[in-house]
């Protein structure tokens, strides 16, 4: 099913009026070309423009071009934090039926709108042909299956529930180590504030508060209760959620006034620079910390900074994943499938992930390539006893409307610090999501 | 036409002049604050380019930001030039012809048409980007430079028509009448009477359209494609999507590089801008 | 008495005077009709529909969206922000532009250079300067001060340090600062042209009558500037109601600086709710129309009598 903007007749009339001498031949062609196997090129749409991720993409591209010599690779990446601009342009292209051959999206509920609008194809056959169901963890596959089908191919895994801290500041504040629960965390923040002149918890612009919220929810409610929040009909109006939100409000008192003007890098950097004690941010911060200039800060794990699971979340991997899709009516479907084969392959993922600073989604990765924090991450990811929780902020558990409504509720909370209004906002967000 | 230069400053004391000069200079400093930060940061090496040291001069002057910026933006600059130069010239010609018709060769309902044109300046673009992209897709121009030029020219029609119409209104009717008596038709009159004196209005229009087309981001990102992206999209891409260190020196150098052409246009055509404004263009 | 034939030829001959003009302008009329009014019509249709996600049918919800929008927690704040921003920006740019023009009216050394410097911010896009303004308007307290607060600290002007756009109540006034920086040069150019357009003889006549320089300004020059003020008001007003690039470049989509244009963008591209997005766009269009249409009608009409 294709979604059309403006009635078909109106558009043809408009086209005729505008075109004048321009040929309309293109419009007359039959647009349902599901069986085209055109492999002459592939246009890949992503938001990987920064160094590191762009380098990873280039490495995969080089491998792809080696394996697919006749296929031209077009990189249509558009920047914008977490893909804001890219997703907007993508929406326009999909609605106007000019899809790229493959586009990046977070695996999970973020793709639901595309699925419902019939803009991407299910990939069950692709998974079977390439034996992917045995190499991706089962919990992952369960959490990205929608109504019995899988719609994307995860390339990497990032972890959301990571607490970065500065060991020296913790010592100065009289703390033995990183806090292991939310109440301990609040005490630790208080200790840093009272005993040192450093910032207890560094924070960036509004979305980092959303990121903080998901970690507080996970740490306070526990994995099963957190996962249950995203089921249809879940109740957000419970005392447990109230307690978690109150803790969130309390934690927010220990952040900085200038948070809204700070990007996530600035907030994370404050920890390794010795200006802030704690920062809760996904593990993409690791690549930023240890990488060499110009893309990284060249800091040392264990000395300048260290990490722990976010307070109260030990044993749980709060995951998010960049993945690629197969749009319906992709102009070069053969090229798109070849690209998907590349990103789902062991070689492709092992070329991409070390450069990007994430771990591969496949469990049969070459473990030697992942060192430092990434080694611990990979060990936990491949450990069958680890529980998985999907990150809501990074597109796993909530669809676009839900996601934005939570963001709005958090944004308003940052203004009025009213926990009951925040809870009401979250209740409404869940109710109106239509998921 | 009105005089550009100031009248003789009769009656202003030297102290008064000095005071005015001082105030004007103070404002120049204020206006240049953002430029100072941009320039100073662009010449710093990466490890110095940080908000906390925004005010200090570079300890080690470096052009690494500029070389990276040039490499990142080169393709975009070429596209921007194509779009802005072609688009502003077409816009100016269209505006001139339209303004001429609406002021000197009127037809019944001309005022209504003019008002209807003007209202087109006020449409919020975010809301109509998707159907606009759809329209361009239907005529097979989506993602091309030609498509971008057409979109810019069409949405520039109101302001260009406004500028020229208001300018032409000041041309005396007698000149038109004289040409008509001589047997000249509409286009002949335009060529021999109107066009020769249109200089300032062309300057104003070219500056305005060039600037707005050069600095546009919304149309570029929605209606363009990787090989047709102008410099604003490339500039936005230098900010990266956030998984790594922001290279502020590159970002600032890119910002300056992307702004140089419009600054050049202002420097070269600036005095015509004033002349055009004096002659009534852009007064609305 | 003209015969029927004569009347027809008369009409034909008269049409020869205006028909060519109509033909010449017709491509523009068609283009505007399609790209402006066609899209406005489409937008209104969506705003009146019940299409709150990409796959629902359009339907016809009448004006329900226009009322329901006010229940959205983010919308009233966006409107307040837009109003505060408009007042500060328009007022500030008008005052500053007029003041600068006033200073230069009688001529000053290096006038061309001054004019170019004040005008050039209009040439630069906020995609380019957004990061700089974010640095400049950082509200960090003195121990971590950055940007203008840091500058104030260095110049011992600490009293001026403030929260900028993160101030709970007046934040949007701070956002007006970059906007004033960008547009006051243009206002200055308008006023300068206006000042210089006042004939010197008028001023001389007043001086001869014994008026002081200030009185010359007050009673001769300023009244003639009313059309300039009006047109500057309109242009600044409509830019202000539609402000988008500036906000996105400095603060992104954060609620603290939410304005209608950003809200429309979020509704359409993040929430995938076409009807809400179109409703906000309609509100924006109406707000601008209320501001602009009376002025347009008035100005076209007064011109006829000139």
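A, B and C are the chain letters, set down in written order, and residue numbers restart from 1 in every chain.
One rule holds in what follows: a residue touches a chain if its C-beta (ideal position, glycine included) is under 8 Å from a C-beta of that chain, and two chains touch if they have at least 3 such contacts.
Note that the structure is predicted; figures quoted are calculated from it, not measured.
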(message) Going by the touch rule set out above, what shape does the chain contact graph take here: line, ring, star, complete or other?
(response) complete
(message) With contacts counted as defined, which of the two, A-B or B-C, has more C-beta pairs across the interface?
(response) B-C
(message) With centres defined as the mean C-alpha position, give me the chain A-chain C separation in Å.
(response) 37
(message) What's the distance between the Cα centroids of chain A and chain B, rounded to whole Å?
(response) 38
(request) Please report how many Å separate the Cα centroid of chain B from that of chain C, as a whole number. (result) 15
(message) Two or more other chains touching the same residue: where does that happen in chain C?
(response) 31, 34, 42, 138, 146, 265, 268
(message) Give the residues of chain B touching no fewer than two other chains, as numbers and ranges.
(response) 51, 130-131, 135, 236, 239
(request) Find every residue in chain A that makes contact with two or more other chains and list them. (result) 5-6, 14, 18, 81, 88, 91, 95
(request) Report the residues of chain C in contact with chain A in the complex, numbered from low to high. (result) 30-31, 34, 38, 42, 53-55, 73-74, 77, 134, 137-141, 143-144, 146, 163-166, 168, 251-256, 258, 265-266, 268-273
(request) Please give the residue numbers of chain B that touch chain A in the complex, ascending. (result) 46-47, 51, 129-131, 133-135, 137-140, 142-143, 221-222, 225-226, 233, 236-247
(request) In the complex, go through chain A and note every residue touching chain B. (result) 5-6, 11-12, 14-15, 18-19, 22-24, 26-27, 47-53, 74-83, 85-86, 88-89, 91-93, 95-98, 263-266, 284, 287-288, 291, 293-297, 356-357
(message) Looking at the complex, which residues from chain A come into contact with chain C?
(response) 1, 3, 5-6, 14, 17-18, 81, 84, 87-88, 91, 95, 113, 116-117, 197, 199, 205-206, 256-258, 260-261, 275, 400-401, 403-405, 408-409, 411-412, 414-415, 425, 434
(message) Give the list of chain B residues in touch with chain C in this complex.
(response) 2-12, 17, 20-21, 23-24, 27-28, 31-34, 37-38, 51-52, 54-55, 94, 97-98, 101-102, 105-108, 110-111, 113-124, 126-128, 130-132, 135, 151, 154-155, 157-158, 161, 169, 185-187, 211, 214-218, 232, 235-236, 239, 248, 251-252, 254-256, 258-259, 262-263, 265-267, 270-271, 273-274, 277-278, 282-284
